[in-house]
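There are structures below to look over.
Both of the next two complexes hold chain A, though its partner changes from chain B to chain C.
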Partner chain A sequence: MIEKPIERVAKATPTGMARQIKGLSDKAVAWLFVGPTIFLLLAINIFPLIWTINLSFTNFRANRPNREVEYVGLRNYERILTDSDTWLSMQATAHFLFWTLLLQVLIGFALAWLINRKFRGNDVWTTIIVLPMMLSPAVVGNFWTFLYQPQIGLFNYVVSFFTGVDPSSFDMLGSVDLAPWSIIIVDTWMWTPFVMLICLAGLRSIPDYIYEAAEIDRASKWRQFWTITVPMVLPFLMLAVLFRGIENFKMFDLVVQLTGGGPGSVTEMASINLKREAFEKWRTGYASAFAIILFVTVFGLASIYVKALNKVKER
Partner chain B sequence: MSFSVTEPSKRQKSIAGFLVITYALITLVPLFWVFITGFKTPPDSISYPPKVFFSPSLEGYVNLFTTRTRVTPEQMQALPPPVGFAEAIVRNRDMVIAGPSKFGERFMNSIIIGFGSTFLSIFLGTLAAYGFSRFNVPLKDDLMFFILSTRMMPPIAVAIPIFLMYRQLGLSDTHVGMILLYTAVNISLAVWLLKGFIDEIPREYEEAALIDGYTRFQAFYKVVLPQAATGIASTAIFCLIFAWNEYAFAVLLTSGTAQTAPPFIPTIIGVGGLDWPAVAAGATLFLLPVLIFTIVLRKHLLRGITFGAVRK
Partner chain C sequence: MNYLRFSLGTAVLAGSLTATTPAMAEDLTLCWAAWDPANALVELSKEFEEASGNTMSFEFIPWPNFADRMLNELNSGGQLCDLLIGDSQWIGGGAENGHYVKLNEFFDAEGISMDDFAPATVYAYSTWPKGEPNYYALPAMGDANGWFYRKDWFARDDIRAAFKEQTGRELGEPQTQLELMEIAKFFQGREIDGNTVYGVSIFTERGSEGITMGATGALYAWGFKYENEPGSYDMEGAVNSPQAVEALEFYKELYDCCTPPGYTNAYMGESLDAFKSGQVAMAMNWFAFFPGLYADPDVGGDRIDFFVNPAQNVAASTLGGQGISVVSYSDKKDAALEYIKWFADPEVQAKWWSLGGYSASNAVLNDPSFVDSQPFAGDFLEAMDGVQDFWQEPAYAELLLAMQKRLHDYIVADQGTAQEALDKLTEDWTEIFEDEGKL
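What follows is the complex of A and B.
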């Protein structure tokens, strides 16, 4: 006997609760699904952000919660923007961003291109190359300080092995000239695979027939590379730069572990500076204003960049 | 024999292979060094030139899991013979084991907070992703962008008010506080990834189920969930790895009961700054699960790495 649909509905629906839910409109159901997430984000992301904005206009200090809080208007912002330390930390961040992005794009793209030559076992080696980026930056960064030890460190030993420079004559973490590079090296080691993976996906998305057509037109390999490969991978590459850019602008763990902002304040990047103000000097109001400035900067740069990215995609 | 103009020549392939393998091996050196340093004795670990061959020792691991105190030779003479290999290793350095170290606890914290926040992110993320994928949520694109934009905030910027808020609510340095925080951070990735996976499941499946008399919720967990299982699993791995590796919030918001391993491991170095084998041992134990996960699940990870921007 064939059941009528209405009987199956009755069977499949548990009584009570289900009937109530069935009575809900699609819109209400939608909010049941989406609501909890939005609520959590409001509570732990947006509410704190608003609180930060509010704090940024005060002279509040978190280590003295009982002191009376005064509203100081835009004074915090004014101080930050006229403080030379701020600009030094921005410079340190910019230097770090520029070199890490450049190195990671060049090496990452080259690796992806080589892997896409489809030699035997390329997937195994891809997995091995990806390993560093999956690991904890703090734990790995901490271990790199051991590799960078002037006398006993493996890094110094390898450099001296290939160049003949005395391994105790240079200190990657302690010297003003080298400390920024010590962080750039570790970051490049960790994150080049990320750029590589995205480029690889881009290269694999190019259909073979385009190259075949170019071959029939007798375009040289060099020309094919510049007129087909590069333009078609560019949107992917730009996406990789966006993700890395945002992450590296926020860079914290590697720097804390490697140099802690030193020597002096050569590697004191924006978020290290922010941490000092907020959790060491306890100038909460000032630090909040700084946090807002950083957030607006990232957000602004990212939005401009996304616009450019969309233009490239449309081409 | 087939011939393709797009297939690289044999010579090209072997040069490419050689270069990639060279890079991969160089990349592995620091990780290999962590691994072998864990089995060195402290003097071996700081010898010059760096030692690749050495007689392995478990001293690093013993030091990682214990706290030790120095004793005078007279006191040492008065002690009964050592029980077990750990005590024997420690006695060689004129010390006795005073008790367990905090490493075990910190490691457990990482596991509790990692799995707790992953479960919660996936639970909420799947619901939200389904909602965004199937319903006409008002302002859908804005909400999705809002969810993504929460990733752009530097963790320290959020840490200030979270620190104050948690102090008020009594959530500072608690497992629940950290689980909620990591969930909030992870959920943006989870929603974006899962929405991509759910978008790919044909709507007709659920429509058929609805016609068959399933409710929306039944259609969701009897039809959509099984179809999205692989996607959910690979998203979960990502959330887990993030929570496992996270450092900035952990170091700012926890100090004792809920401290995870990443802020703890660098502090092992302790007095004299010479105990690199113990640090390496801790790092090895901490990094190994992620390494294994990555190798086993490599095929499913790509999408998570690229934040869902790259399909397949």
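What follows is the complex of A and C.
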């Protein structure tokens, strides 16, 4: 008689322990295993969230523990939502988000499409392309600061070589018009390989027989691309957009290294603004309200997006 | 049972040893910024180690992160530092939030008198509320924002002749802010020994305090005041006065006309680099760096000279410098106070100056030989006579960040006018003081 797996497990359980858990219902055993995880989740996720919501209605300052804490109702939310600086930082974030996602999707998909074609040295090229995303953002930020340096920076010289513009006549990090683009360029350079890898996974998941069937039906390459490749890669692409979107909404390290939010406040993203409020100005209550607003924004947008993603998958 | 008996015996023995042994030597940690004077202090402190038997450890943080790192340490009640040489603006928060030990009783018991230190430094580095005889620090490092220039370029006949032809006056140390700009414009883009050079390096940094410390040099010289009446927090018409607007427009023009390319986020390090690499004719920086600059093999010695921040309507300089405080969270307060007592000694102060630190002790500053002891010593004394400091309120960080933002937006990012920048700054500061319950 073949022994069932559950019987094997039961036999392998030490007699002492078996005796101890004897009498516990299946539900109780399940809780025993799930309990620690739920406790951790509550302790490090849910409790801080509830605590932050509570703080967002106060004037609490973490650097003044002795000061009396007052409940100020919705005042923090009102001040944030009517503060022009908040909206400027949200605009800067939206601008960064839109262009990085667009560029990374277009370039990432194009690279994946090229890499997916069988050619010699394919693996070497893949490795070279994914190198930037393996680097630390702090390192990337630092060396791009040098590349963008108007007097000695390689970037300015490359631009100068192709356009004839004097390399020291423009300052990528110091110019109000160019600074937002300088960050978009670096983020695109660093994270396009990530989008490429996901797209590559999507492209490789398309069975060859579909293309073969299309060939038999005399579908053109262009039609094959739009009716087979794009729809079948789309869920992967949307997943990549979701990951990059959430990451870039929180963008902090790269911007701090490159521009520190400047010049002026042109590249001051929402996350930098939040950090200044929380840990430089120490307006903990105000910063908590800001964090909740950002959380709701990301959560809301991500939920809508995931619904759309599921619809695409169902097609 | 045997174990219990052994433990009790050990505890009794340990207790009796503690009771009879004199105070044990401690390992004290002193926190400060990482810069030239900190190295001098390490050298100086070796004498304290010999004299007291205590050992010294040092935690030096780079300037851009100094405030963040140390204020977080204090706010969290950290025990990293037993002694802290903190910025003058932290004194309000240090006192009101209980981070610093009040030193009055200790000073009285040890015979340390604040009259033995330069009044401007006692006022700025030690007292809270301002000017009240409540001391939370001993003046440790006098400092102000000053200027230095390429004396060798200024002395060249061809350059002097070109300057005279262009401006109608002799090239020399500027006596006013407008003269400074005139000289900077003259040097901007000029070819010297085959290299293109620029007029000035000034502070434009956004992240910490840079642009505020730079621009206040111009604001104070035009007569800028923080309040209409000291202590009133009434800022309308003072912070955004016509003189302040004029000064800010001047600083922006100086930035636009006369700094090297890409000079959008520059503070102490960048200013020193620009000067040492021969890019600029003049530069602003803290007096603390002047000994190192004078000793520089490429641009020091005969090639450099120094001048105090030029006056415009009034003679004034931006205050730097720090006092040394005992951190209240330290469990080695006695040893830390011992260090302060040793440091206050006039002989130690004299050695401090000789090693490159800026003593605030009257015994050192009033010594007849002081003015000639270094080429910048006279300028230092002159600067310290007219120093003005930023707010020292507990909300200093918020006040500073607001000014950093408004100034950088206007000066570097070219947004709005000087009047708008100062109007907005007045609004920001008013809101902060309202939140503080002071308005």
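Criterion: the second predicted complex is superposed on the first by the 274 of 315 C-alpha atoms of A that agree within 3 Å, B and C clash if a C-alpha of one lies under 4 Å from a C-alpha of the other, contacts with A are read in each partner's own complex, and residues count from 1 in each chain.
By definition in this document, contacts are C-beta pairs under 8 Å (C-beta built on N, C-alpha and C of every residue); 3 or more make two chains touch, one makes a residue touch a chain.
Note that the structure is a prediction, hence the values are computed from the model and not measured.
When both complexes are overlaid on chain A, the residue A:Glu280 reaches chain C alone and has no touch with chain B. Once the two complexes are laid over each other on the shared chain, residue contacts for A:Leu173 go to chain C alone; chain B is not touched. By the touch criterion defined above, A:Ala62 reaches both chain B and chain C.
In the superposition on chain A, contact is made by A:Gln151 with both chain B and chain C.
By the touch criterion defined above, A:Phe295 reaches chain B but does not reach chain C.
In the superposed model, A:Gly73 lies in contact with neither chain B nor chain C.
Number of chain A residues touched is higher for B, counting chain B against chain C.
Looking at the shared chain after the overlay, A:Pro231 reaches neither chain B nor chain C.
Contacts of A:Val266 after superposition on the shared chain: chain C is touched, whereas chain B is not. Shared contact residues of chain A with chain B and chain C: 62, 149, 151, 279. Contacts from chain C toward chain A in the complex involve residues 68, 71-72, 75, 93, 97-98, 206-207, 260-265, 394, 397-398, 401, 405, 408-410, 412-415, 435.
Chain A contributes residues 5-6, 8-13, 18, 21-22, 26-27, 29-34, 36-38, 40-41, 43-49, 51-52, 55, 62, 107, 111, 114-115, 117-123, 125, 127-140, 142-144, 146-147, 149, 151-154, 157, 167, 189, 194, 197-198, 201-202, 208, 211-212, 215, 236, 239, 243, 246, 249-250, 252-253, 256-257, 270-271, 274-275, 278-279, 284, 287-288, 291-292, 294-295, 298-299, 302 to its touches with chain B in the complex. Of all the residues in chain A, the ones that touch chain C in their complex are 59, 62-66, 85, 149-151, 168-169, 171, 173-174, 176, 259-266, 276, 279-283. Interface residues of chain B, counted against chain A in their complex, comprise 4-8, 12-14, 16-17, 19-21, 23-24, 27-31, 33-34, 37, 46-50, 124-125, 127-128, 130-132, 134-137, 143, 146-147, 149-165, 180-181, 183-184, 187-188, 191, 211-218, 241, 244-245, 247-248, 251-252, 261-263, 265-266, 276, 279-280, 282-283, 286-287, 290-291, 293-295, 298, 301-302, 305-307, 309-310, 312.
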